[in-house]
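Below are two complexes that have chain A in common, paired first with chain B and then with chain C.
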Partner chain A sequence: MSWIHIYFRLAGASLRSQMQYKFNFILSTLLVFLMFGLELMTVSIIIYKFNGIKGWSVYEAGYLFAIMMFVRAFYRIIAGEINGFEKYLVQGMLDQLLLRPMPVLLVLVTRNFRPMAGELVLGTTTMSICLSYLIENKQATLWAIPCSLAVIVSGTIITLAIGLATATVGFWTHRIDELQRITDNAASIASQYPLSIYPKWMRITLLTVLPMGFTSYMPSLYVIRGELGLWILPATMLLAVALLLGALSFWKLGLRHYQSTGT
Partner chain B sequence: MFSLTLARKSYARNLQYRSAHLMRTFASVIIGYIYIAVWMGVSEGQALGDYGMHGIISYIAFNQACLWVIMATNGLGIEEWVRTGQISHELMKPMHFFWYMQNREWGQTWYQLLYSTIPILLIYIVVLKIRMPEHPITWLWTLIAMLLAAYIAICIAYLIGIAAFWTTESRWLNGVHMGLNMLLSGFFIPVEWLPGWLKTISALSPYPSLQYVPSRIYLELDSFNALKLSLFWCLLLTICCFAITRTVRRKVEVQGG
Partner chain C sequence: MIIAHRLNKTFRLPIVMEGRFSAVRTLLSREYRDVEAVNDISFEISKGEFVGYIGPNGAGKSTTIKMLCGILHPTSGEVTINGCSPQKQRQQVVRQLGVVFGQRTQLWWDLPLKDSFDILASLYKLEQQFFKNQLGVLTEILQLQELMGIPVRKLSLGQRMRADLAASLLHDPDILFLDEPTIGLDVAAKKQIRDYLKQMNSQWNKTILLTTHDMDDIEQLCSRVIVINHGAAIYDGDLETLRGRIGLPTVMKIKFREAVSPGYEDFLSASTFQVIGCQDRVITVACNRKETTAMEVLNRMSKLGTIEDIHLEEPNFEDIIHRIY
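Showing the complex of A and B:
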């Protein structure tokens, strides 16, 4: 059985176990939808009221926001537990996973699998509204659709790589929740807006040390504004793959340094 | 006395993780800075009413600092107790359950005020030169507004936690509460700039008392009279919390084992 097959089997089992509490499952799905809807509404009101943000129209800014919604949703779908990895280290829960006859990372990412339907529906709606407006106004063509899919894929891989690298730091430091606030929360929020609104030091950080600027902003410059050129899409994908391979190697190194908390 | 001990223990528990706290404070400063950058981006060349560019930066910065005081523990931790069955022991404590939970949380609130809100505010004052009250008495009104906001937040968190008696999981309700806070409390956008219908919803909710009222008082755009609204919500939510506790005592289902 291939690892991908096992991933789907385990993720399915996790989903079914959550659905045992049907009312709770349906309610939580609806509430997540509402939660992200409120966030989207808040940002939309501000950008709409002031008719864009630093040269980016409402629809262009909405496009960036939608990309990040997809990226965050797919990251959480593929590897939600990486984001809550601290409890595995602090409470010694990782010991159980080490006993399984399969890679630890595979078991970890299939636990508490969530389909993130709320974010995906909101992301699709926002993306459709923004892209159709941009296409109607000849600012983009239908080519933007496959390009957007590529941006979402590369963005998810970059976010996953950064999340995995941050979680790996926990093998040495044990406490990583607060570090994740910077590398995940703060960086994701920053990537929802055009990088041009930030001061130079922050733009450089988001393009080098913490390259979240490549999840949405850099490739979007080409997709919806016709800047930079097509090369940015394969370059971003290449960067994403390199980051993921680096993060996986780092994970393997970290795993070798794991020390259980004991009983 | 017992109430004070509960708050002190909760305060001491938080003191254990200093390096983690430093990192969290840093992240919070950065996130606040992102929100400020968004406002600087959208408001280029725009008139910003009572606030002006410097005023809106101060408004957002103050809200980000104040956020820690009103960010009560998710459901005050009740959800976890319901799931594990520990709730049966907690309800047997010789103290009213709401009073007990509230006192535990106050320790956390004081900790956040001293180690998050004040340092973040000082960083913004030094680095971004945000506005400070001109009249010393405003500091007192601001502190009272923040404490009333903290109490309202604790009441809301308690009601969210209590929902777990019916749903077993209430963390998503907390997420919605944070979303509503972002939209209706004036955290990210002053309430008067919300569209008409949202402004009405906001005015009918306790959310403006969480952030809008303290911020406007801090910026000396509103007088201490604005505290009447906060006091009204404190009273109403207290009644709700006592009433729901009566109901929930007859609803306990012990889970776990």
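Showing the complex of A and C:
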């Protein structure tokens, strides 16, 4: 309980720090809005023109897009600095965090806290449009709403686990920006679209080595298309928790190998 | 009570490849170079001691401190602080430590100073009353009243160091680790910081371990000195004994009114000092003032001609350490 209190305390401090540079803060929120908004619009126009891709209608694809929007937003809200972990290793910034009487991860994730307002607004809008269309057309029922929430939760956990595991690799290699660009950024962008559009090797990768396919695609097959079956939701959640536990113990191992820097 | 028992730390660094695709090849290569940063160091520090930990750059001072506070895990050996291992029981141990790294701040850079203390209070779960008292005392001793509303990034180096000290003492730790707390400060600020540290040690009975490059820090503060070079502890004892071992090495530059006549070297060869340079009218000699006095040197030199000017220089401490060990 007190950890949650401390989390908000630290996150609040980080937010107030950023408010010192208000212009930068507002601009970056607007830019996100513009960037993803444009991408979403382009893609939906194309899909609409071609009457869907590989059997996915524009609303179904939009649903996937919205799920990933939420997943990315919550991942960054909860643990934004994991994505920028390299500087803690290379510049020895982790030293200070290790001196606090609490889990290092807890101090780390509150650094540079961002509320991700752009993603959340865009995600909510897209999700409402797509789901209400699908429900109106009897392709889904209201049951899809709680299901979607579950998908977002498990998706966030999976992304978090993969991000954390990638960051941990840095304890040995020091440089991880490149690796993160693949596992953290590229894979989550790939999961915005139905996996069926990708070549086989990539589909297999996204369902095994780098299981980002489970963040949106796999569970959505059930939620909006009625495929697979309800079992996929608890199965995904189980996978997510297992991945996170694995990533956490890997992280603990990594901390023992932290080398800090000279002064 | 701090115990370091046979500490070793070896860093394994990949050998950086040169030429094309060097980054990729370095990543894939299995070749490593082992660097021994700390080599078999042992010591015990009792409560209330003020210990100076000195040595040249890269000797392993910071690495030792980082092992003592649990940031680094030793390759072998063991640390215990009040009976606990900072590696195994990190959260418990750091609660008893105050740590200041002179070149980094632990304060929240963009927020007013007061906010940093508030945040630290909730991090360490301090009781409101305790926090108020402690902050009150620290504010007064370290003269922070006027700084409380200023964002940390706008503080001067000396002000920031005082604030950092306060931050490290807020949870009332028994032990202070200070890594170069006076680095970059001007003379007045250095003196101020030293006075505070003296007070922390003598009045508040804090155990302090301090690394520094500044001999004055050591002289004015430390009752005990540990010297480290190339990762190994080469001296552990009081400052007087260390001084006795080193003596008072001095370099004297003596300037004559006229050019020195040749043959002076033969004349000086049987002296208690060595000639280490001669340039036109200036002769530079090195002596140890434990063995000879400056007057003695001058007396002898004056036989060579009229002395116009003299310049005395004590070489810096790290040079000496390098030379004698």
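FYI, the second predicted complex is superposed on the first by the 261 of 263 C-alpha atoms of A that agree within 3 Å, B and C clash if a C-alpha of one lies under 4 Å from a C-alpha of the other, contacts with A are read in each partner's own complex, and residues count from 1 in each chain.
Keep in mind that, in the parts below, a residue touches a chain if its C-beta (ideal position, glycine included) is under 8 Å from a C-beta of that chain, and two chains touch if they have at least 3 such contacts.
A quick note: this is a predicted structure, and the numbers were derived from the prediction, not measured.
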item	value
Touched partner set for A:S17, first chain B, second chain C, both or neither	second
Partner chain in contact with A:D95 - chain B first, chain C second, else both or neither	second
Partner chain(s) touched by A:W201 [first = chain B, second = chain C, both, neither]	neither
Partner chain(s) touched by A:M41 [first = chain B, second = chain C, both, neither]	first
Which superposed partner A:I182 touches (first chain B, second chain C, both, neither)	first
First (chain B), second (chain C), both or neither touched by A:W231	neither
Which superposed partner A:S28 touches (first chain B, second chain C, both, neither)	first
Partner, of chain C and chain B, that touches more residues belonging to chain A	B
Chain B versus chain C as contact partner of A:K54, first or second or both or neither	first
Which superposed partner A:R256 touches (first chain B, second chain C, both, neither)	second
Chain B and chain C footprints on chain A, overlapping residues	21, 175
Touching residues on chain A, where the partner in the complex is chain C	2, 5-6, 9-10, 13, 16-18, 20-21, 94-96, 98-103, 173, 175, 256-260, 262-263
List of chain C residues in touch with chain A within their complex	11, 23, 27, 58, 62-63, 66, 69-73, 87, 90-92, 94-95, 97, 99, 101-104, 106, 108-111, 115, 119, 122-125, 151, 179-180
Chain A-touching residues of chain B, taken from the complex the two chains share	17, 19-21, 23-24, 26-28, 30-31, 33-34, 37-44, 46, 167-169, 172-173, 175-176, 178-180, 182-183, 188-189, 193-195, 198
Of all residues in chain A, those that touch chain B in their complex	21, 23-24, 27-28, 31-32, 34-39, 41-43, 45-47, 49-50, 52-54, 175, 177-179, 181-182, 185-186, 189-190, 193-194, 196-199, 202
